[in-house]
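Only one structure is covered here, and it is reproduced in the block below.
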Amino acid sequence: MGDRNQVRLLWGAAALVAVVVVFTLIYKGSTGLQWILSGLTVGSIYALVAMGFSVIYSSTRVINFAQGEFTMLGGMMMFTLCTRGGLPLWLGFLLTVGIVTLLGAGFERAAIHPLKDQSVITVIIVTIGLAIFIRALAKWIWGTDPVKVASFTGDKPLRFFGASIVPQSLWVFGLTLIAVVLVFAFFNRTLLGKGMRAAADNPDAASLVGVSASTSSLVAWSIAAAVGAAAGAVIAPINFAAYDAGAMLGLKGFSAAVLGGLGSAPGAVVGGLMLGVLEMITAGFAPSGYKDAVAFLILILVLLIRPQGLLGKPADVKV
Amino acid sequence: MMVADTLLQIREVTKRFGGLAALKDVSFDVTVGEIKAMIGPNGAGKTTMFDVLTGILHPTAGDVMLKGESIVGLRPDQITAMGMIRTFQTIQLFEGMTALENVMVGCHCRTACGFASSGLRLPAARREEKDIREKSMDVLKDVGLATRAGEIGTNLPYGQQRMLELARALASEPDIILLDEPAAGLNQYETGELAGLLVRFRERGLTILIVEHDMGLVMQISDEIVVLDYGEIIARGAPQDVQNDPRVIEAYLGIEA
Amino acid sequence: MDKQLARLPDAESRNYRTLAISTAFILLIPVWARFIPGDVLHIDIVNVMVLAGIYACVVVGLNLLVGYAGQISLGHAAFFGIGAYTTAILCTRIHGFPTWLGVLAGTALSGAIGWLVGKPVLRLKGHYLAMATLGLGEIAFILFQQLKWLTGGTVGILNIPPLSMFGLKFDTDLKLYFVVWIIVMALMLLSINLIRSRVGRGLRALHSSEVAADAMGVNTSTYKVQVFVLSAAFAGLGGALFAHFQKYVNPESFVLAISIMFITMVVVGGMGNIWGGLIGVLLLTFLPPVIQALPQWLPGLPSGLQNFSNYELVLYGLLLILFMMFLPKGVADGLGRAADFTEVRARRLGDRRKAKRLEGR
Amino acid sequence: MAQKILRWKLPIALFCVLVAATLGSMGCGTQKVDTSKSVYKIGAVLSLSGPAAPLGQPEQNSLKMLESQLNAGAGVNGHKVQFIIEDDQSDPAKATAAITLLINQEGVSAMIGSSSTGATLAMVPVAQSTQTTLVCCAAGTAITKPVNKYIFRTPPTDSMAIDKVLGYLTGTLKATKIAILHDANAYGVGGATELAAKAPTKGITVTANESYGTTDTDMTPQLTKIQATPAQALVVWGTNPGPATIAKNMQQLAMKIPFIGSNGIANKTFITLAGSAANGVAFPGGNMLIPSSITAGTPWRNAVDKFTTDYTTAYGKAPDTFAAHGWDAGTILTTAMKTAGTSKAQIQTAVQATKGLVGIDGIYNYSATNHDGLTSADLIMIKIVNGAWTQIK
């Protein structure tokens, strides 16, 4: 498929989404706006998780099935540190991110690094093992009941044009924006980041840039864990943190990452927001039981038209 | 039905990747039973041409005819079935398969048993399997790898891996075989053997299109040479003519300097 | 001498022998299972083994897809479910519908749907294929939940009759045990044949390098679809047996976690090793009860560990990681190497002879 | 030749070992000693992990408590009682395996469980084929409708809760138009379907019947849909955290219509999660949640008070209704075994003959045609006022 077609397709997709959104707005007015706002909130949550997937993928080609668990841990830590421990938000947030990042890095050294020569699927199964492990541990520590973390800046909804949104959503938007800018800058502006991308494309090139696959993997896992934890901490007040929240977040995050194109941070955001908005609009129009089915159907269709996701690089046919 | 004795006709083939053209309306024929060499500096588009010929890539423009039928748009396996097969610049033996099994894969397009008959091991399947084995053994003997049949292909020494790839290709009973730098990484002695082998096959009526950097080999065996540079044919003709062609020398010096 | 060479051992030559013996093993299990006191291993072995056999049907097929053709699927619970629901619906709605026919129908329908979705989806590669299949699995799950008129919604389908064939009624776990495991062994035989065959080589070639396989004349796109259909059919068969085993189906038995369990069984057991699927199933089936039995074996464990539901999954996750770290090619691979070891001397002996003969060439 | 022998050596050796083991064990094949003579064994399959874990764990707690209390006393007819508890991980297949294990290997005389409707229905065929009495802690109507000889239930059924809700809607709220928003899982769908079916009989029209995924984090689209209808009240059928999210979303959308929950939110967790949004929410729940709702001095009230204090001292938190379900299931079976001993047939008869048994959830009366035990009279409507439960008289 030539580049021109690619671009055309992208615009096509964008136009399609735009049409759907505009239609919803016209047809449903403020209600439609409400759906879209909710969609954007949920979408940014997906986007944040998706970014974790993308970071690890773009530098190691591995899909980390424990990404959702990092997010879950983020929420649970916030609960322990701030709600239970009474620490100020900013401190709790920093500690949360710090601890989970260490966990991520530690796990990479302990279980991923030793597998550097193994097939990707093997590593993926290891991440599944990790997910089970973390989830069980969390259940052991925090029990089965979902917990509540107070919103950062109160629950008084902000309303405009008849739609309303909780302040916490703004925090989620903000974090998403910061995260995507940082991650993007890291992979495209810093030498290390560029080196890591090269490392994934072809190890020899990487050694030229002076980045070993080993460092690359360690850094990637740390970043992914950090993003995941930050996400968990910020979304905890919206979706109640619970030991088993990771599974759903992981699933949706993975979907978003693939939809946007694995390995592209902006793609993760686009994918996440698209998924979120589509889900909410479907929930609004269709019988709500089918909303996830529709979301997945659209996802699959997108992949069939564009096998590498919306912003992903096409897989090169090299002999 | 097929044109005189030209086996492969390449007509103004152009291949663009995004902006830049890897091949600019290249045209030449390969006649039955000849050894034609395609040479040129790295990045001249030789491998791209092979990919186009074998259906891995589709030409942006132009046409390719095998035995008088256009093969543009056909799947690689269909083209192989039509009697044109290739080897790869970087050895592409199948992991975990014995030398024998590798060659047996080569027989694929000449055999028919599908999931049902193979899964149930019907008599037909057994018979076919036996034939495939024996034929593959013969091919292995041909290239002198008979003693290695039971070993995992990728564990063989480099030279023998090249030979094995050749054998695998031959097992598909091709009319024309495209060799992508078959001598790469071979030592003097092995290269000599390869040369002998190719000539022998040609005597059996096999047509060969070869891409090779080893000028010695090229000059020794090829009947005609096509020189590519930046995706365009800059010279063609008998070995010695091409050898003395200023543009060719320039092109090569160009990359050496 | 050519004959001699033509009979050279290839990768699978040992399998038929192993299959025969392992069949004997497995068919004997119920006999000695009765003498394992329940407090050693806290499970009903026959009952657990029936379920294991049912999962094995799925995993053996999935191994052909993932291990040999190198195409991943995270949605096989869907085909498992389609098989289960098909026979469940037929046998409960149509009075006196022959259950074995229901099983066949389940297998067939599952395969057919596998073809429908496989054709488009298998153009995707790697993680994108994983995502697409995962999505299909989720969609199937949601349909199982939402199509109340057909599937009974979340409540599911009750009172599914036990399996019966040629006038025999397989209404106890023990009877079903033999049916299920004979089927599993039949599927194993089928897979071994397949892997040894032209098709099998094609699949392995496709796994190793799609481009090279294409160039060697293997119609990879068709093969992908066909092997996907086959694995879907196996999964459907497993699901149908499951329905008649549990006599009740509801969507909860076909969630994403089950798909992931299947793929995990394949990988832990050993991708691209015909025994991998089987070993993976047995391993992951018996791991939890063994873990559960740990406290009584090592009474030193802290009391917090005594409550099984707390630590079982923690250990399970850990072990999964460790298995992959120390046997990254799967347990079957490890066992295989162990078995080879006993043969090494014999092989050396044989090879030397062969070598001699060849020198005399 | 040597080759061949060696090739066969390993498998054959293993094979012989197995055969030897088999024959050996047959020789000294003393079946494992049957201890059930001295101890009354009751099996329990509960969801201790997975989605239904919040139900299974309190049930396990109270069963353990009951066991120790009985054995501290005379046990049952002088026999010690043992509840053998298995985790089904909220997975039907695991539930089937667990009940088979308990009946075949452990030789239990009766069964309890499971916590969720799906797992319970998966256990029914086994209980039936082994003619073992199964007292379940799940509320799904499908379990006892039609009545199955061996299957009994402790918790109030969804239909009872629904009757209670309908009564509240017509009586207190005088509502004629309601909207339903339910979890897409078995519990939510079961309740919603029945509510939608019964509402018209009470002169109530359902203006919207929407669902949400158990793990969804935003239900505003469904709510806006409902907002667009003339519904005078919203009935939410689901378990935490869904309803809490809905309460918060309603606050966000400034929806003022009353929120009526299911007995799935009859726990303090809902109040914690929903915070201020929880105020004004009404739901059907067991009397035991508000002991004062039971006439003081009655045996039931005393039982509830004792249970509550014991449980709180044992586990550091007040019991919820699930704890009560577990306790009652245990009590019903042990009471039956007083007369029936370990004979499965007699246990079934005895349980079915239960009359006026004082439990925690209520007073149990079973019969050949009714295996539900309780009636909607055993439920009350509860309203959350300033984060605390108050009974709606």
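Points to keep in mind about this one:
In order of appearance the chains are A, B, C and D, and numbering begins at 1 in each one.
Here is the rule we use: a contact is a pair of C-beta atoms (placed from the backbone, for glycine too) under 8 Å apart; a residue touches a chain by one contact, two chains touch by 3 or more.
On a predicted model such as this, the values are computed, not experimentally measured, just so you know.
Path length between subunit B and subunit D in the touching-chain graph (shortest route): 2. More contacting C-beta pairs link the chains of A-C than the other of the two pairs A-C and A-D. Averaging C-alpha coordinates per chain and comparing to subunit D, the farthest chain turns out to be B. Subunit C and subunit D have CA centres that are 34 Å apart. Separating the centre of subunit A from that of subunit D, both taken as means of CA atoms, is a distance of 36 Å. With centres defined as mean CA coordinates, subunit C is found 40 Å away from subunit B. Residues of subunit B in contact with two or more other chains: 56, 88, 92. Residue positions of subunit C touching 2 or more other chains, listed in rising order: 145, 211-212, 312-313. Of all residues in subunit D, those touching 2 or more other chains are 49, 184, listed in ascending order. Those residues of subunit C that touch subunit A in the shared complex are 66, 72, 120-121, 123-128, 130-132, 134-136, 138-139, 142-143, 145-146, 211-212, 256-257, 260, 263-264, 267-268, 271, 310-314, 316-321, 324-325, 328-329. Across the complex, subunit A meets subunit D through its residues 31, 34-35, 38, 41-42, 45, 139, 144-148, 155, 157, 159, 164-166, 235, 238-240, 242, 244-245, 247-248, 280-281, 283-284, 287-289, 291-292.
Chain contact summary for the complex, subunit D toward subunit C: residues 2-3, 6-12, 14-15, 18-19, 21-22, 25-26, 29, 32, 48-49, 87, 89-93, 96-97, 100-101, 104-106, 117-119, 121-122, 124-125, 129, 140, 142, 184-186, 189-190. Those residues of subunit C that touch subunit D in the shared complex are 14, 17-18, 21, 24-25, 28, 31-32, 35, 37-39, 42-44, 47-48, 51, 145, 153-156, 158-159, 171, 173, 242, 246-248, 250, 252-253, 308-309, 312-313, 339, 342-343, 345-347, 349-350.
Residues of subunit C that touch subunit B in their complex: 2, 5-6, 8-11, 190-191, 193-194, 196-202, 204-205, 207-209, 211-221, 226-227, 230, 272, 355, 358.
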